[in-house]
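Two complexes are shown next, each including chain A; its partner changes from chain B in the first to chain C in the second.
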Partner chain A sequence: MTSEAMTARAEMGPSGAFAAKLSNESFLSLFMVGVLLALFAVACVFVPNFYLPRNVINLLTNYWYVIILGIGVTFLLVTGHFDMSVGGNVALTGVVCAWACQAAGTSPNELANGLGLPYGAALALALLCAAGVGAVNAFFIVRLKVPSIIVTLGTMMLSRGLAQVITRGAQRNTSLPDVFGVLGNTFLPGTSLKVAVLIMVLLVAAAFALERSTVAGRITYLIGANAEAARLSGIKVNRHLTALYLLSGLLAGITGILLASEFKAGVSSRASGYEFDALVIALLGGVSISGGFGSVLGMFVGAIILSVVTSAATGLLLSPDWQFTLKGVVTFLAILAQRFALDRRRA
Partner chain B sequence: MSATELSSGPYREAALRVAVKNLYIYVVLLLIVAGFSLVRLGEVELFGPGHFLSPDSLINMLRTSAPILTVSSAFTLLMIAGYIDLSVGSAMSLTAVIFALLVREGAPFALAFAAAAALGVGLGALNGFLVMRLRITPVIATLVTLSLYKGSALLIVPSGLSAIKGRPGRPMPAWINDYSRAEVLLGLPWAFYIALLVIAALVVVQRRTLVGRYAAAIGGNRTAAELSGIDPVRWVWGLYVVVGLCAALAGAARASYMSLGDPLSGDGMELDCIIAVLLGGTAFAGGEGSVGKTAVGALIIVCVTTGLMTVIPAFWQTFAKGSVLIGAVALNQLLTRDRPKLA
Partner chain C sequence: MESTANVLELRGLVKDFLSVRAVNDVSFDVRRNTVHCLVGENGAGKSTLIKILTGALPRTAGRILLNGREYAPRSTREAKAQGVSTLFQELNVVDQLTVAENLTLGMEDTRFGFLRKTSKIDRMLDILHSLEPSIGPRQRVSTLSVAQKQIVEIAKAVAAEADVLIMDEPTAAISEGEIERLFRIVKGLRHRNVTVIYISHRLDEIFELGDTVTVMRDGRHIATKPVAEVSDRSELIRLMIGKTVFEAYQERSEPPKEIVLSVKSLRNHKLGDLSFDVRRGEIVGFYGLVGAGKTELARALYGADPYRGEVVFRGQRLPPRTDEVIEAGIALVPEERRSQGLFTILTIRGNVPVMNMGKISRHGLIDGARERRAARDAVAELHIATNSTEKEAAKLSGGNQQKVVFSKCLFADADLLLLDEPTRGIDVGAKSEIYGIIRRLSRQGKSILVFSSELTEIVNLCDTIHLLYEGRIRETLRNGPGLDSQHILHVVTGGV
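Right after this comes the complex of A and B.
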C-alpha cells in the first residue's frame, strides 16, 4: 500500500487504523472466511443436517490430504510456479512404500512379491522417491528454466507411470506387514479423528509460521513479487526454488505414505486429480500467481470452501459428475470476487 | 565477405546449427519409424500383416491422427504468441458429445458438423475472454474452462451411461463413421484430408500472413508489439477462437471414428499438443515456432503411441508418454538455447 493511502486510512480513526494495519493477505483471508460462512449458511438451508457438529468436523477434516499437498503448491504458487506433479507423486510413494514392505520372493504372483524391507527403510525409500520427483522438477524448472506447468505435467505422468509399472496397472495390497496399516488407521485418543488430521494441522501451523516469521518465508514472497530484484538483492533464488520443489515433493510423499497406510494398499490410480484440487484450494484462498501474494491460511479456508461445496452437492444428491463443473465455476467466481474486493480496497 | 571467409569457422558452425535445427525433426521421425519397423521383424514380415508399415497399420495410424494434427497446428500459433490453452482436450470431448447427440437425434451430418464447429468457436471465445479481457493467467483460466467443459460433457451424457451411443429405438446411424473411416482417397477418410487442409492453411497463415507475424511479435515482446500498434487482445482472442474451432473439428472426427460421444475422449489431448509443439521446436515463451514442424511432431507422437502399444504392456504407456514429454522438453531446450532470454 502506498504511504498516502496508509496516511489517509490512519486518519479515519481507530477502526480505520485497524483496517490499515490489516495486510492485503489477511484481508483476503478474512474475505474468504466471510464467503465460507455465507456458503455454509446457504448449504445449511438447503441440505438437511448440514449444521450438525459431526458434519462440521467432517467438513474440516475430510480434505486433509489435499491441504497437505496445498501447502507445497501454495508456496510455489506464491513464487509464480506450478506443481502439478503432486498427484502422481502421492501415488508413486504409496506404491513404493507398499512394494518395499511386501515380503520378498514368497509367492508365485508377481504382485505379491516385494523388497522385504523393514517399515522404517520402506518409509525412507518412499520419501526418497518423493524428493526425487521434486528434484527432477527443480532441475528442469530452476536449472533449465523450462515453464513449470509443462515440466510438472511431465513429472506427473512419469511418477504415475512409474507407479503403474510397479503395480502392473493395478495395486499392491498383499503380504504387507501389520505395521503398514498403523499410521493411517490410528485414531487420536478420545476422538474420531485420524492421526493424519493431526499431522495436517501441525504442518499447516508450521507452514504458517514459516511464511510469516522466518526469513525463508519472506524470501518466498520476495521472489514472487520480483524474482530479478530478489536475485540482485543477494537472495539465492535458484537454491530457494529448489528447496521449495523438494518440500512440495516431500509433502506429497508424506501424503502418499499416509493414504497407502489408511487403505493398506499401494494403488497406482490414487490421488488422481489431487493436483488440480490443490491448485483450486490455493486459488480459492486468494493465492495469486503474480505478485507474491497469498497465505497458507487462505489455502486452508479455500479447502474448507471446496469441502462445503462438494459436500453440499453430494447432500443435494447431485451426481459426482457435477464435481468438475462446480469446481470450475467456484474457482472462477472466487478469482473474480477476490479481484473485485482487492480493487475496491485499493480505491 | 568473400566465399572463403563465409565457409570458415564460426560461420560454418552457425550454418550447421541452423541446419540441424531445421532438419532434426525429420531425422527423429525417420528413426522412430525405422525403429518400430525393425522391432518385430522376427515375427512378422516386412510390410506384411501386423507389421508397423503394413498398409492396414499405416492407414489406421493416419486415421487416428486426424484430431491431434488439427488441434496441434492451431495450438502452435497460440504458443508462438506466448499463450497456452489447457482446455483443448475437454473442448474436444464436449464437441464430440454434442456431435454424437445431434447425429443420434436425427440431424444430418452438415448440421451436426456446423453446430459442433460453432460450439468450438464459442468455447474458444470464452477462453479468449477470460485470458485477454479478464486478464486471468492463461494456465489458470484454461484449467478452469477445462473443468467447466469436462463437467458439461459429463453432465450431458445421462448418468449410468459412459457415452452418447445408440439407444434401443434410437440407434446411432451407421453413416456417422463415414467422416473418419470411409475411404475417400488412398484409403484415407475425409477427416484426415480436412486435417491436412487445416495444417496447410495454418502453415500459410503462420509464414505468410499478418496473423502469423503478429503472433510472433506478441510472443516475442508483447509490450513492443502493443507500442507498434498491434492489439494483442484482439489477435490472441482470435487465436483462442481458432484453437477452439480446431478442437471442435477434432471432436467431430473422434466421435465419428468411435461412433459415440465419449465425454472423456479428449483427455490428454492438451499434453499431446504440448509434446508435439515442443518437438517441433517452438520456444516456450513464444516468438518463434513452426506449424509444419509441429505437424511432424504430432506424427511422431502418433507413431510412438501406436508403435509402443505393440511393444510394451499397457501399464507402461503413461510412463512412456511422460518420458517422451520430458525428452521433448530437454530437446526443445537444446534447440532454443541460443535465443536471447528476456527477463
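Right after this comes the complex of A and C.
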C-alpha cells in the first residue's frame, strides 16, 4: 500500500480509501485474484492456446471435486479445525454407493455381487455413511477433545480402509444398473459442462451466502476468532462444530457419489490426496490456518490458481513427475505473498 | 563481591503508563541478607515496581543501585545476570523435563565442554539437596507439587549466586503444610547471601517471615520499617489504606426492591456453601484477595463451571448451562478481557451482537442494517472512542475494549450483570466512565454483581458487600458512612 493510501486510511475521511473499506477477507480475495490473473497471463505467453475460452472453462471447472470438498474444509479451518478425512470419505461413499446398487446374488464373483438396492436407497446409504464419518470426527473432537488433525487422520485411514475391505482392495464396477452412470455423465444442455460442475457452482454460491449473511456463518467465524469467548457468549460451540463436521462429511459423500457415477465404478483408491488438495486450495485462498479468517470465495480462487499452474505445466510438457514439486513451490510462494500483503496492510 | 550494607537502593523511582503514574517517586533501601516484605493494596504499584526491578518494564525516571552500582536491566535475563532473580506466580519450569534438566536450563555452559557442565549440575543438585532432600534429580517436574517446583526455582537462583530473589505471592497457590516448608527455606536464604523481596497479601506471613516491611499506596512509598517495630496487622492495614475516603458512593434513599436472585448453599471444588440474595437494581460486591473464589463464583453462577446448590433467578431455577443462563437474562463480563470477553480479530460491529444474534437476524439471516445500527448505538451509548465501527477490537485501548465487552452484555438485554474485575488494567479516566455506566444500569433496574480485588472499587460502587476468604462469605456489610475499611481488609486477609 502506498503511503498516500495509508494516510487516507488513517484519517478515514468520508470518502475513505477504497482499500481501507474492504474487510481483510475481501482484500485477500482480490489480492489472490490478482495473483491468479498474473499467473494466467504468464501461462498464456508460454503455453499455446492457453487463452482459448474452452481452456478457460476447463480451468474453472477442472477441480470441481476438490472445490466441493474445499467448502467443508474451509468452514472447519475458519473455526480452527482440520478435516483430513474427506479424501477417504469420498472413496468410501463411492464404493458403498456402487456396492449397494450392484445386483444381489447374480454372479459367483464376490466383487460383482452387491446389495441389490434401488439407486435412491443406495444414494441414501452412501450419504449416511459419509455423514457417519463426520459424526465420528465430531464425537472425538467435540466430546473427547482430541485434536482434530489426529482424529481426522485416523478417520481418513479408517474410511479408506473400509473402502478397501468392501472392494477387496480393488473396485466394484460390474452388474451396476444403467442409472448409476447418469448423474456423472450428463451434460448441461448445449454445453460441455457436467452436472457435477453445476452442483459445485450451486454449492459454492450457497456456502458463500451462508458464510456472509447467516447467523450460522457468523458463528463459524466467532468460534475461530476466540472459542472461549464464544462459549462465554452463549454460543453453542459444540453443536456448531458437530454440524460442520457432518456437513463436511456430506459434501464428501456428494463428491464420492458423483465421481463413482462418472467412472461407473466404486474404486477404493479414488480421491487419494484430495484432502491435501482441499487444504492447499483453502490456504491458497487466504484461509487462516489458525482460524477466524477466510472465505469460500478465496478457496475457489485458490482452486483456480492450482488449476492454472498444473495445466500450464502439462501444456509445457513438463513431465508428470514434476507436478507435485511444482504444486509445492506455488503453494509456498502464494502463501508467502499473501502473508506479506496482509502484514503490509496491517502495518 | 563487595559488601555494601544495602543490596538495593531505590532513589526517586517513577513509572508512567500513558495517563497513569503507577509508581510515584519511590525511594527506599533493602538491607543485605534480609527478608524484605512489600505490601499494598491492588493497584498500589507493587507489581509495577517489581517489573522494573526484574527488567520487564523500563522506568520513566529515578535510579536503582545494586551493590552500590547503577542498575538498569533491559530484560529479565539481564537482571538475572546481574544478580536479581524472580520467582513469578507463573513458575518458570518445564514440566516435561527432569529436575536436573530444569536446573541447568538456560545456563548450559557448553563452551568449555562436558566436564564443566557436569560439575555445575552437581553443585546445583547439592544446593537443591541441602534445601529440600525429598526432591530427586531424576524426577520429572510434572510430578512435583507447586511448592516443590518453587524450591527447584529457588535452588536455581541460589546456584546462580543471585543477590536478590523476588518472590511474588509464593503462597497463593500452595497448601498449608507446604507453606511451612517454604518458609523454612526462605528463612535460611539469608545465610546463603540471598536477600529476599517478598510480596504477599497475607499479612500474617509478613510477621512470621519478614525483617523489614515496605508499604506502598497509590504508587507512593508510605513507610519502610523493621517488622519488629510494627505493632500489629491493623497498623499495617492503616498504612496500606491511609485515610481513603470513599466519597463517590451515594447511599440509596429508595426502599429496597424485590429479590431477583437467590443463591442457596452453592458449592463446588473452590466454593463452600455460599448463600445470598440480590435485589432488583442493587449493586452487590464480592471482595476478596486473589484466590478467594470471586472468579469461581461468577463462573458458577454463569453456568460456566459445575456447582451444587440452588440458584433461583426471578422465580426460576437457573440451569447450569451458559447459553440458557444468558437466555434467562444474565450476562458476564469475564475476568480476562482479551482471551475470554473479546473477539480481538473481529471489528466492533462483529463483537457487539454476539450474545444475542436473534436481535440482528430473522430466520437465521443477518439483517446488515440492524447489525450496523446495533454497533453504532453501542459506540454512542457507551462513548467508545473510535472513528469507525469497522475498527478491529484489538486496536482499541483497554478501556474501550472493556466497553465493547459491556456492550455485548447490554445487547443481550441482561437484567443481571456479573462483572469480574470490570476495570482491571484500565486507566483512571476510563475507569470512572465504567463506574458511571454501572451506576446508570443499576438505576435502570438492572442488578449488578461486582467481583473485584480492588477495595476502592467495591466501596465506591456497591450497596451490599460480601467479604470472601477461601471460597466462603466471611461477612456481609451494608455500604454507608459507618463502613470500616480496616475491618474489611482484616477479614479478607484471613483475620478473625
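Criterion: the second predicted complex is superposed on the first by the 330 of 347 C-alpha atoms of A that agree within 3 Å, B and C clash if a C-alpha of one lies under 4 Å from a C-alpha of the other, contacts with A are read in each partner's own complex, and residues count from 1 in each chain.
As a convention for this text, contacts are C-beta pairs under 8 Å (C-beta built on N, C-alpha and C of every residue); 3 or more make two chains touch, one makes a residue touch a chain.
Quick caveat, the model's predicted, so the values are computed rather than measured.
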Partner chain in contact with A:L258 - chain B first, chain C second, else both or neither: neither
Partner chain(s) touched by A:M156 [first = chain B, second = chain C, both, neither]: first
Residue contacts with chain A in the superposition, chain B compared against chain C: B
Touched partner set for A:T331, first chain B, second chain C, both or neither: first
First (chain B), second (chain C), both or neither touched by A:L111: neither
Contacts of A:E228 with chain B and chain C, given as first, second, both or neither: both
Partner chain in contact with A:V95 - chain B first, chain C second, else both or neither: neither
Partner chain in contact with A:S319 - chain B first, chain C second, else both or neither: first
Contacts of A:A278 with chain B and chain C, given as first, second, both or neither: neither
On chain A, the residue positions that both chain B and chain C contact, one per complex: 228
Complex interface listing, chain A residues touching chain C: 12, 21, 23, 213-219, 221-222, 225-226, 228-236, 292-293
Contact footprint of chain A on chain C as seen in their complex: 302, 304, 322-323, 325-327, 332, 334, 339-346, 350, 354-355, 357, 361, 364-366, 368, 387-388, 390, 408, 412
Chain A residues touching chain B - in the complex, by the definition given at the top: 82, 136, 140, 144-147, 149-151, 153-162, 164-165, 167-169, 228, 268, 276, 279, 283, 289-290, 319, 321-329, 331-332, 335-336
Complex contact set, residues of chain B against chain A: 84, 86, 130, 134, 136-137, 139-140, 143-148, 150-152, 154-155, 159, 271, 274, 278, 284-285, 313-323, 325-326, 329-330, 332-333, 341, 343
